[in-house]
Amino acid sequence: GGESSTSSAGANPAAADELKPNADLSKQTLQVTVWDGYIPKELPQMVKEKLKVQDLKIALHETNEIAMTKLTAPGDSGIDVAFVSGQYAQALNEMGLLEPIHPELIPNLANLYPEATQLSYDKGNKYSVPYTWGTTGICYRTDLVKAKPTSWNDILKPAPWAEKKVTMMTTERWLALPALKALGYSVNTDKDDEIAKAKDLLMAQKPHLLTYDDTTFGDKLVAGESVMAEAWDGWCPTTDPKGNIGFVVPKEGSDLWVDTMVIMKSSKNKEAAHALINYILDPEVHSWAAANINYKVPNKAAMERVKIPKGSLLGVKPADLLDGEAIIDLGQASTKFSRLSEEVTAG
Amino acid sequence: MLRIDGVTRRFGDVTALDAVSLEIEQGEFFALLGPSGCGKTTLLRIVAGFETPDAGSVTLDGDDLLAKPPNRRPISLMFQSYALFPHMTVAKNVAYGLERERLPRQEVKQRVEEVLETVGLTAHASRRPAQLSGGQRQRVALARSIVKRPRLLLLDEPLSALDKKVRADMQLELKRLQHEVGITFVVVTHDQEEAMSLADRIAVFDSGRVRQVDRPVELYERPRSPFVADFVGANNLFPGTVGGPADGDSGSAVLESDAFGPLPGTPPAELAAGARALLAVRPESVELVREEAAGSLRGSVLDVSFFGGVSHISVELPGRTKPVLVAVQGAGQVAAGAKVGVRWNARDAVIMAADE
Amino acid sequence: MGRGRLLYVPFWAAYAFLYLPIAVLVVMSFNSGDSAYTLDGFSLKWYGELAADERIRDGLVNTLIVATGSTAIATVLGTMLAVGLARHTRSKTLDAVALMPAVLPDLVLAIGLLVFYGVIQLTLGLYSVVLAHGLFAMAFVAAVVRTRLAGADTSLEEASRDLGAGPVATFMRITLPQLVPGIVAGALLAFTLSLDEFVIAYFTIGNSEQTLPIVIYSMIRFGVTPKINALAAILLLVSFTAVIAGQRLTRIGESRAQD
Amino acid sequence: MSRSRGRRLGAFVFLSPGLTYLLVLMLVPLVLVLGTSFFQRGRFGGVVYEFTTENFGRLVDPLYLGVLGDSVRIAVLTTLLALLIGYPTAYLIARLPRKWKTVALVAIVLPFWTNFIIRIYAWIMLLNGPGLVNSGLKLLGLGPYELLYNDGAIVVGLLYSYLPLMVLPLYAAIERLDPQLREASANLGASAFTTFRKVTLPLTVPGVLTGSLFVFVPSFGNFVIPEMLGGSKSIMVGNLIRNQFLKARDWPFGSTLALALIAVLVVLLVAQAWAARRG
Amino acid sequence: MLRIDGVTRRFGDVTALDAVSLEIEQGEFFALLGPSGCGKTTLLRIVAGFETPDAGSVTLDGDDLLAKPPNRRPISLMFQSYALFPHMTVAKNVAYGLERERLPRQEVKQRVEEVLETVGLTAHASRRPAQLSGGQRQRVALARSIVKRPRLLLLDEPLSALDKKVRADMQLELKRLQHEVGITFVVVTHDQEEAMSLADRIAVFDSGRVRQVDRPVELYERPRSPFVADFVGANNLFPGTVGGPADGDSGSAVLESDAFGPLPGTPPAELAAGARALLAVRPESVELVREEAAGSLRGSVLDVSFFGGVSHISVELPGRTKPVLVAVQGAGQVAAGAKVGVRWNARDAVIMAADE
């Protein structure tokens, strides 16, 4: 496509509806789609009691991708509020599928860290509200590595002792991330030559890998099948009772991922949707995520309530996190990453 | 009743039926006789509705049969290959046709029991076809088609797997159905004795064509073509030309045979003297006499074989490649090699036109 | 008999192959640890958790509804289709079209149905999954039954027509019973495939409902937990029992029928 | 003639329900999706309704041809193995006494009444470095071997997943064979193997074709097993389509790939129908 | 050569074979005769290896046959239901057995052509079984088993679907194979004439048991039990007790019949005077005489039926429920209702022990 890149951050193609602050929520029913275990089990009950919303129903999705397919298909998906990662929220918004956030209906936005209101995919939380955030690094066996990893190159060019004992993620942007960072490029690059160099690096790495693994790399580390893995912080089992799992953000830097909440344009229950997001941003409620799923939440008040267990990465300061580069959707250029992933895996 | 008119059926380049026309009367017992592969089964399948003729019509009491689906035709066909339902017991197989008529259960049960009794399979009622012997299967197939008492029964070699005794019983039963119930029969059989003894009329087929339709005795005694003469009983044939009357007897004539001079026989009215003809005489009409007996052809005994009841003696005549066959009652009294004479009465030999 | 004994090697190998992972899975359901991947010790705790999980229970019920419903549709329509194709047409195109849903990539069919249901503004529910599963299951049944009809002797059907049975009675009483092994095989296949189908179910189900595979897939963020192994173990136990009981019952039925 | 009228009526009665269902629920949706292969991807996914044939140009790409080749190789190998194991199994099931047939048949599908993902994990447990198979081999003084994250593991996984799709159609085909034909063959001096090759196999060709198709197609289009057991080190045609629809959110090109795959399948289907009709 | 010893086979509660013992000589043509369902097929299937006997042994030239798989037995079986391979042409079907012997192609081709010529199916070589008529299929099955020229040929009703002429040709061919190639035959047939004319020896079966094994003429003329007498040809049986010699003729005796006083006949040596016995006399041995003729039994003609060649006349005798059957050559000369007498020669009637 010969389209010129017009995407200025925060472009908002969808016009906001008129919403009534005092709408009768008991006439509204909410349908949410979210990852399994990502919100408290009791949330529907709590929301019904506290917000007097008629009903809250939960659909589960396995991945961002599969949720996106359902949300972008023709016709009404029937979803009011969706939990998706930042760059997907951005894409949904670009497609005109999201309702702008009405800040007046979400007073609890004030609880967010200031940094969490200036994320590069959505500066000012115009259409998304962050729910959790974190970064990507190297998860490793402290007892099995001969040297503590510090650089993406430790995983990209494994030393002999790590030969075939290293795993990488294939979800495309995270497949490229270690290589791009090791080469000193942006994770959001759309330059062909930079992507090509990353590909070379990844192709050279492939024979030395145990496997690509996006989900069970933690298990492999615990079992000793692997010694190092590219991992999201929250999924690195640093709290394993044996205490031999470590996590490091390599010196070349990494990303900042954010999982967000968005309201669908097609929703007929937008007042209730706002009320739900507001309710979730309540420190009491929001702290549940940190305490139960090991993800940091961008909510200062909430984080302060959480007791941080030994080994947990919850203690990482927002400022450190923000060293990471938030991943944004690259529009047409994002297909280059699909291509990269196909070339690497098929090669 | 059943009228078959100009029916032709081809399979690729095989013409199974070639403009066959037949008329079968109400209550008649009609037999189809003919060599293997001559189209008998094909004809029955057309009447029953499982083949469509390429040309011709079939009517039953004036109604066009071809327009009706098989299940609407008041006809039962007994398949040459039986086509028993393997998943049903013998009793179920037999009851099938009756149940289709929605007869009361009790009646179905009773009629099934009766017919199984008739075919001697009462003890096998609850077996499956796979657990039966060949002859037992054939009897189930027979029972299944006769139990319906249709207006027209088509039987394709119904008794070919049965021994003489059971076969005789079944023949009696078929005759009974014909007389008491008034069913019309069309029966295919390769067994001439069966055809002769059961049928009111017989049609002889050859290569898809009807060669002769006649009552048994006529067919046997007055075959109208060498094919029929040869097919219906092992005839001794002598080629020649039609000669004058023999011995001043007005009904008889001689055949000026090519190899043996004048031979006595009976020609049909339409044969002119001098026409090419054949004389046919049946083995049981040939008399075995002393070599020097008057009016006999001389030869020597080639072989004697015993058929139980009758013996067949083949006699070699100089000037004939095929030996003359003579049938005598009981075990033969002559031995191979004996010099003998053969002769026959003019009225026992038929003179007919030679095949074109 | 010594003959054919060699055949039993692949026969038993096939069953061993099919049940080896199942054995592993059952063993892992007793894991005391959190991982379905590394065995830590023996425990029944996952069975307890399983009993407490109503989502799994609901998912199981929904799955059984979908599998039963779609198998019923598929068995009836698929059998008819097979008979129609074998006996009433010579069209090879129709043969191929009828097989299509069975060989279409799940994802393409799923997205197609998602779009289609969206376009006609159908409110999704369990029934929309039943319809979707019925579609591919029908093709499987049709293909398996078709296999049985290929080149089959038609004289039995002729005999039935001759004895006065119309096309319907002939189909029900003669054709159908002959096809039973094919229908059973096809229906088993349909049921099995529906039970475990995820992609199509995910895209065609109502938002507030889940089938078991959807529940399980959404649960496997960190891989499988022993809870799902426990579920699998229980499902196996129940189905084994049902099959053996069913077999006993038919045996009793048969011995009665023999008298 | 009445026969042909009967034939047409029968065709209508038997075919119309299934074909209508097929038309509405498969053909229409398929046209809806495949139609998008002539449009373009929106910048952020979705479809821009501007006509283009560019997607078809993208098909001829050595990368895709390579994936196609790998997929064919793996799917063919899987199918052959399934046939090799499945045929004798189906054969013996068909010969079992009636009361055991259904049990044996159900036992073939029973493992699949658990869950796909769990079964795959079970295979990982069996095949991984310290896994059960290697432990077993160690007792025999062999190994350890790298059994996982390679094409061999993919084949095992596919074989495992689709074996029933081979056994059941074969069973249906073999079960109807007249045992007398095998007897006749043996009587004429044929060994069991020759009888199989000359009589049983040719008469069950439709079952072989159906089973092979059922195994080949989903193997060919699979994407989960290459990821989980193959470690994503090689991908198959299914991954490509999945990637375009779900990851690249390029429905138009995803549709084009699907169209190409379907074209291949239709050729296979027609060939299958043709061969089965002859059998 | 083939020795069957005490072979028993049960199917559930049916005893298909009950301790059957037979010995068949090298080069012999042996026929099995018996009513439908008596176990003939079962016996052949055991010899060929498709059934296992519950008891007994089968040896071929002393080798235990039962231990060998069917394909290792030098035996061809022609199946009663043909079992033709539906996916092969006629030629392929016939060639199948030869190809298994790895004969050179050229020879296979030639032998197939020869045998197809023999059975008259040369024109049908490239057809499939489904495209053949019933009789044509049977001939393919026959061709397929004879082409192998095995040491032992088992034929199960090989000619039952054929017409008289083809059947006669096939019979000649079988005889030729027996004499020229030296094949041993065991043939099941329900056709007594066929058994009589072809076989060197005949075994008569009944309900799984061997009732008599004998050469044809002996079997026919000296049946050893009423069952055999009755089965082999429609016999006229008269119950009574053994009386003294008739007319001073040492070889003959009278039967003191229950209803008709003394009747002339020939008893076997082992029958003591006074024992319960049956006298059997065949239809063709009965002479039809004038009512008042000396030594005749008086009755009236019930029915005359023509069988082509022979007529059967049934004569009702007061004091007998079943009419006496008389066979005469040609069409019968008497009409139903005529008063007649019947009589026979002592040497044509057999006196035998009554069945226990």
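Some points to look at:
Going by the order they are written in, the chains are A, B, C, D and E; count residues from 1 in each one.
Here is the rule we use: contacts are C-beta pairs under 8 Å (C-beta built on N, C-alpha and C of every residue); 3 or more make two chains touch, one makes a residue touch a chain.
Keep in mind the model is a prediction, meaning the values are calculated, not measured.
Path length between chain A and chain D in the touching-chain graph (shortest route): 1. Distance from the centre of chain B peaks at A, each centre being the average of the chain's Cα atoms. Remark: chain C and chain D have CA centroids separated by 15 Å (rounded to whole angstrom). Separating the centre of chain C from that of chain E, both taken as means of CA atoms, is a distance of 56 Å.
Chain B and chain E have CA centres that are 22 Å apart.
In chain B, the residues touching two or more other chains are 49, 69, 81. Shown for chain C are the residues in touch with two or more other chains, namely 3, 37, 111, 115, 119, 151, 167, 178, 217, 220, 223. Residue positions of chain A with contacts to 2 or more other chains are 66, 69, 223. Taken in their complex, chain D has these residues touching chain E: 178, 180-181, 183-192, 194-195, 198-199, 202-203, 279. Across the complex, chain A is touched by residues 35, 37-38, 111, 114-115, 117-119, 121, 124, 202-203, 206-208, 210, 214-215, 217-223 of chain C. Contact residues of chain A toward chain C in the complex are 31, 33, 35-37, 57-62, 66, 69-70, 73-79, 215-216, 218-219, 222-223, 235.
The part of chain D that touches chain C in the complex is made up of residues 6-11, 13-15, 17-19, 21-22, 25-26, 28-30, 32-33, 84-89, 91-92, 94, 98-103, 105-119, 121-126, 132, 159-160, 163-165, 167-169, 171-173, 175-176, 192, 203, 206-207, 210, 213-214, 217-218, 221, 238, 241-242, 245-246, 251, 258, 261-262, 265-266, 268-270, 272-274, 276-277, 279.
Of all residues in chain C, only 3-4, 7-11, 13-15, 17-22, 24-25, 28, 36-37, 77-78, 80-81, 83-85, 87-90, 92-109, 111-113, 115-116, 119, 131-132, 134-135, 138, 140, 142-148, 150-152, 167, 178, 181-182, 184-186, 188-189, 191-192, 195-196, 198, 212-213, 216-217, 220, 223-224, 228-229, 231-232, 235-236, 239-240, 243-244, 246-247, 250-251, 254 touch chain D in the complex they form.
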